[in-house]
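Look at the two complexes coming up: subunit A is in both, with subunit B in one and subunit C in the other.
Our next item is the complex of A and B:
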């Protein structure tokens, strides 16, 4: 080992030490790396739920006969509804306007007579279109409940069998808990915050204060400088991720079916573009305020909205679907959800890792160029 | 208190806001981006669904079912396969969200009048979307069942459901999202502008100059509070216009009630902003503080997911969130023509929040000065 190389190792170690001290001493680093992840995870674990079990609905019985009571009972027994029974639809109309219920069902007057006379009786389902997601579920599950009830009646009376039975199997998440996919997804948001927001602000501060130029004047090369900055934040990102995973598994009871190796490989690959983006933003703006705004707009919001985390990419307009191809989180989130819920699916993971590392290399290359140019 | 002095301060605040490129960015970039991205991208509708079909049935009914899926507007790609392993893999790797398996006796069972079975495998990793897809497939199956011989015999005794969507007949997600944006964007801008204004002066040192001017502390605070409220009204107005003219969302209720409620909403937000401002020593801290307030406020408001789905103890926390109340009013005025009494009932809590946050911020502010 020659003298230059030895010097390089020493310089790098010194830089990493210096950065690590800065992280530990700076309250805003702690805030972003520890407090924000906890808050986000709690919010997504407890606050954000797309679960449609127990939607509050009203049920209007315009006539009370054994048949309608039987149908009402199957609504009450449904796991999807929390039913309040009334006898006049006006009672619920007001609740619907004021969003106290997601919808109401009407078993109309004459239902039993129509049923015995084979005159196509129908249950009316009135939903609150102002909340379309809940409205859809209420419609679907009301139709499902009615046809299950019918099938049971037919079976009891040994009438003609129901012609078609669709068995639904939800793989990986049979309880249909939205928390099970939201919590793993939010881990990628946390890594975006640490990698992009924190890194860009901290490095932008060095530019602002001129300490970056001071370091450039030392024998440290641009690559060493970059590595010295990246390694501590890389480890910090993995640390935040670990904290989140522990909470996800032990507090929120999200199943973890994959391997730790896959989890760390994916996270490490994702931190490359995240850190690269942070570094690039700081090199371009050299200003904390602009860096934070740009990091939120180009890092946080896209990983939140355009990554398939909550909103289905396939349902978006084509232009936005193309834009989403440039969002690194889009490649991480399905794999991360799979590590938790499905297990190791290496062909999918390797593809994600390759794409993420590719993004990372491009971003770092541009960031290095930007940094070098400034000094020349 | 001299109205001229106050007016001069308000003028100065506006000049500072519009002259500083950083604040201009805050006033323009996040609102425009939010409106465009949220309205078009943030949808829980499920369209362009890709499914895989494994049809072991040689008869008419199996292929009829598949062609009905293909004909359905929600589906984009219907891949056929003969290999269960491939189906397994397509679900595993998220190439399709659902897979339909039709057994070899499907047509035979239907013709014989016995119950025909079909399995639908759905990706639970995206349980919200897959439940909606399950709904689509069930609806197609119900249609097919009605056309089978047994179904036609049963037709006369079948019980149907008739759905009516009040307030939003086609269940368009934009009608849900855009009114919500009117409220949330006003929050974003109002909070950032207020929390940054004092932090900026502190950083630049001009705040001390303000303090030695003849202006009293409460006058300074009032001067700092008026511009964000006015800007909030401008944003709300612009977004209402965009909602009606660009997105075609009906405006059914009273605009007067909406603006009245908006005043209390903005005042309560500015109270929070001032609070952050009083605590923050630098702009950096002010931004982080605003972010720490905004993210929970957005998520715990009913903006994207219903409050009723949250655990009870968390629902309690939403009572101090002004967005929670204003969302009900905005959505109600746009889509539902909510009664005035309901608007008042939702406005009172916002007025109470403002009544607490503003004086508290003023107090904190004064105590930090000494």
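Our next item is the complex of A and C:
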């Protein structure tokens, strides 16, 4: 029994050592584990920004009175808009079609009269529905600007009354920088890439090259083969994650308010389903091309689209919301964002970790049944 | 080795009514029973798809039979796979090496996997590295080794823990004859220590050298016993027809349709025949228009017996050739020309001033080990690679300036049949017809003709990837000749296919050549080389010999080897070239 255990340890260390050599020597693993994360991080750090400041809009003043000029001034002073003033809506129609402006506002003829008669004056907002993000933004912020202006006017008129001002406070991401929540989110994408894509491809490669078959014909067990892959890619995944965190904090100045322990505990838990999925894919396809396609479709894309990373889950159709329950990344991303932006919230973290480990166990159980030292 | 001696050797593997199915079709293995003994080489022989790999995997316990019983080294393969895996050595196809690990790292890995104690390692590694002559290369990555060296390393890894049974799955594939001979000698030494070796192969000449063979075809065991026991059945019936006047190809076609001829192939200037009866010599000679003295008795070979067992070769008539309009044939006009073709990749010269020309209606062979430069030369001539230097012409068109024109006049059949696996047979033909610019009625006519000639009609809606190998090969040829090309380029056209399909294929090619089609073929298959009118032997990028198969054989004939085979010629010429290079 002792000799058996010694053999097992030796086989396992040999497999891990072999895998490490391969990782270091194979340009594609370096590419996926180091270069791709860097590209993603830079993309989300610099390139993609969901912040909208200084959106170009047009403002049509159909009448020029001190009141409308005052309202126009408050649009011009807003840091969300970059306003061009005009007097006819036709001046902006073309600009909107050509996407030179995000929308335009019309202060209609009779605005001042309506206002003094307290008849709820209307401001028309015309936006490009083909670009819903900008359209929503212009619409909401225009409404906000108008109501702020109204409140201010009311306050000025009732000089005696306490001026009522709405003061907005954003917690956790006061500058409302999208970078601050995109970067933590992209770390989970990076771990999906290493855990699922890279792992499924390296195992599929072993099937393709016949090395898997040669290994299986030795006294090695399926568990040892599995562990020999898990350990190196688990560590590689954590390595990629660490690299991303260092860049996020020191280069992009994303705050880090939680603990290192929470970061690693969550990441480690997430790597389990990611690796399990990679294993399952390679065991089923045994072909690098198919494996990469499946990994992208079933791992990368859901982590990207259905995890709350970019799109708010609550605003998805109900069916999609249910589907998103099966995407491990959705349990990681909120926790990871908390680690960065809020701090340690252990009850939330523990729940995530529990769910992720559960996913991992199920995926591994299926994968090992499929690999079990059999070729067919 | 005589059968009597074999009886004393211990039985290592016993197969009893083994059946293995994949899906609903024909079983991959159908009621296979037989023994494999220690201390000898058992050849597991048969064309691709015969069931060789499946049988080997069953022996390793990596697959389970659907019925029957397999006992390996006293263990049941179904229930005691781990015990079997601990005691065997297995080299899968492509050798099972990690290409980005060095030679030493591969050895270390397998030593760890098989639990070779550390104190034994220096001795074992030393012995294996000497044995395989890899001592100088321990630091080199396995991926950077030549095919022959990879194969030796694969063998070394399989031998780490001196197994009692060594399973080698097609060790001869992708390896040149010289390395193949070396490996054979190494394996023979192992049998002296009592190790049982299973050597699977599609090359029938390898089978002849085995102590025992299991001959498989389409999942069935056709024969189990010594190779001589099999060749016994054609004893006295094998003859070489020499001194042929006129076209040997036309004569062969006629002879194959003779009732008294079981099989016939071209062998250089001669024709090799297997007769139905020993006494048929006179009547066959009469058909050939010669007398019996020209029908020289020949030593029966394994392939003669195999074809005889399968019921004889196919007819000598090629419907394909008959449908083809003849071209002027004896004008001696060179349809394919290579003038100092040179290709360099960086500082490596893959092809070095290759020059030859092929007159209309001839078959020209490029022969050589893997990586020698024959594929490079071939690719330059069909316009797939731009030569660094020199020029090539096909049908008078310069491949540099008029590559498209030239390509329109040639048909190309790539190694491993480059068909679209997900398209049906009909769709593949339609696609290739389109590629070659056939349109309208002619397109329909040609497609229908191809379906008829190659008997593909009932498979027309089947996906190409699901076809059996023999049919794939037919479809590939159909796609290549659809537009009646003047020149046909064949890249290892029949490697791995069964001998009947190979004969069918060459019947078509011979027929086309008689109609004035010019053929360039690359091969490392010695039997295919025999079909050529002339051969260029390519080695290390250079043409080291050029001549007819008989010329090349005559070059290496010696007093103790008066009648060398093509393989003997191949090896001797390469060795001579090496000595010259060393001097």
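Keep in mind that, in the parts below, the second predicted complex is superposed on the first by the 345 of 376 C-alpha atoms of A that agree within 3 Å, B and C clash if a C-alpha of one lies under 4 Å from a C-alpha of the other, contacts with A are read in each partner's own complex, and residues count from 1 in each chain.
Note that in this section contacts are C-beta pairs under 8 Å (C-beta built on N, C-alpha and C of every residue); 3 or more make two chains touch, one makes a residue touch a chain.
Everything numeric in this text was worked out from a predicted model, so none of it was measured.
Partners subunit B and subunit C, brought together by superposition on subunit A, clash.
Of the two partner chains, subunit C is the only one that A:13 touches; subunit B does not reach it.
Shared-chain residue A:312: touches subunit B; no touch with subunit C. By the touch criterion defined above, A:22 reaches subunit C but does not reach subunit B.
Contacts of A:99 after superposition: subunit B is touched, whereas subunit C is not reached. When both complexes are overlaid on chain A, the residue A:211 reaches subunit C alone and has no touch with subunit B.
Set against each other, subunit B and subunit C touch different numbers of residues in subunit A, with B touching more.
Residue contacts after overlaying the shared chain place A:220 against subunit C, while subunit B stays out of touching range.
Within the complex, the subunit A residues that touch subunit B are 28, 31-32, 35-36, 39-40, 43-44, 46-52, 55-56, 96-99, 115, 118-137, 139-140, 142-144, 146-147, 149-150, 154, 159-174, 176-178, 180-181, 201, 205, 288-290, 292-293, 296-297, 301, 305-306, 308, 310-312, 314-317, 320, 334, 337-338, 341-342, 345, 347-348. Those residues of subunit A lying in contact with subunit C across their complex are 7, 10-11, 13-15, 17-18, 21-22, 25-26, 209-211, 213-221, 373-376.
The part of subunit C that touches subunit A in the complex is made up of residues 22, 57, 60, 62-64, 81-82, 85-86, 88, 90-101, 105, 108-110, 112-115, 141, 157. Contacts from subunit B toward subunit A in the complex involve residues 22, 25-26, 29-30, 33, 37-38, 40-50, 76, 91-94, 110, 113-132, 134-135, 137-139, 141-142, 144-145, 148, 150-151, 153-154, 156-169, 171-173, 175-176, 283-285, 287-288, 291-292, 295-296, 299-300, 304-306, 308-311, 314, 328, 331-332, 335-336, 338-339, 342.
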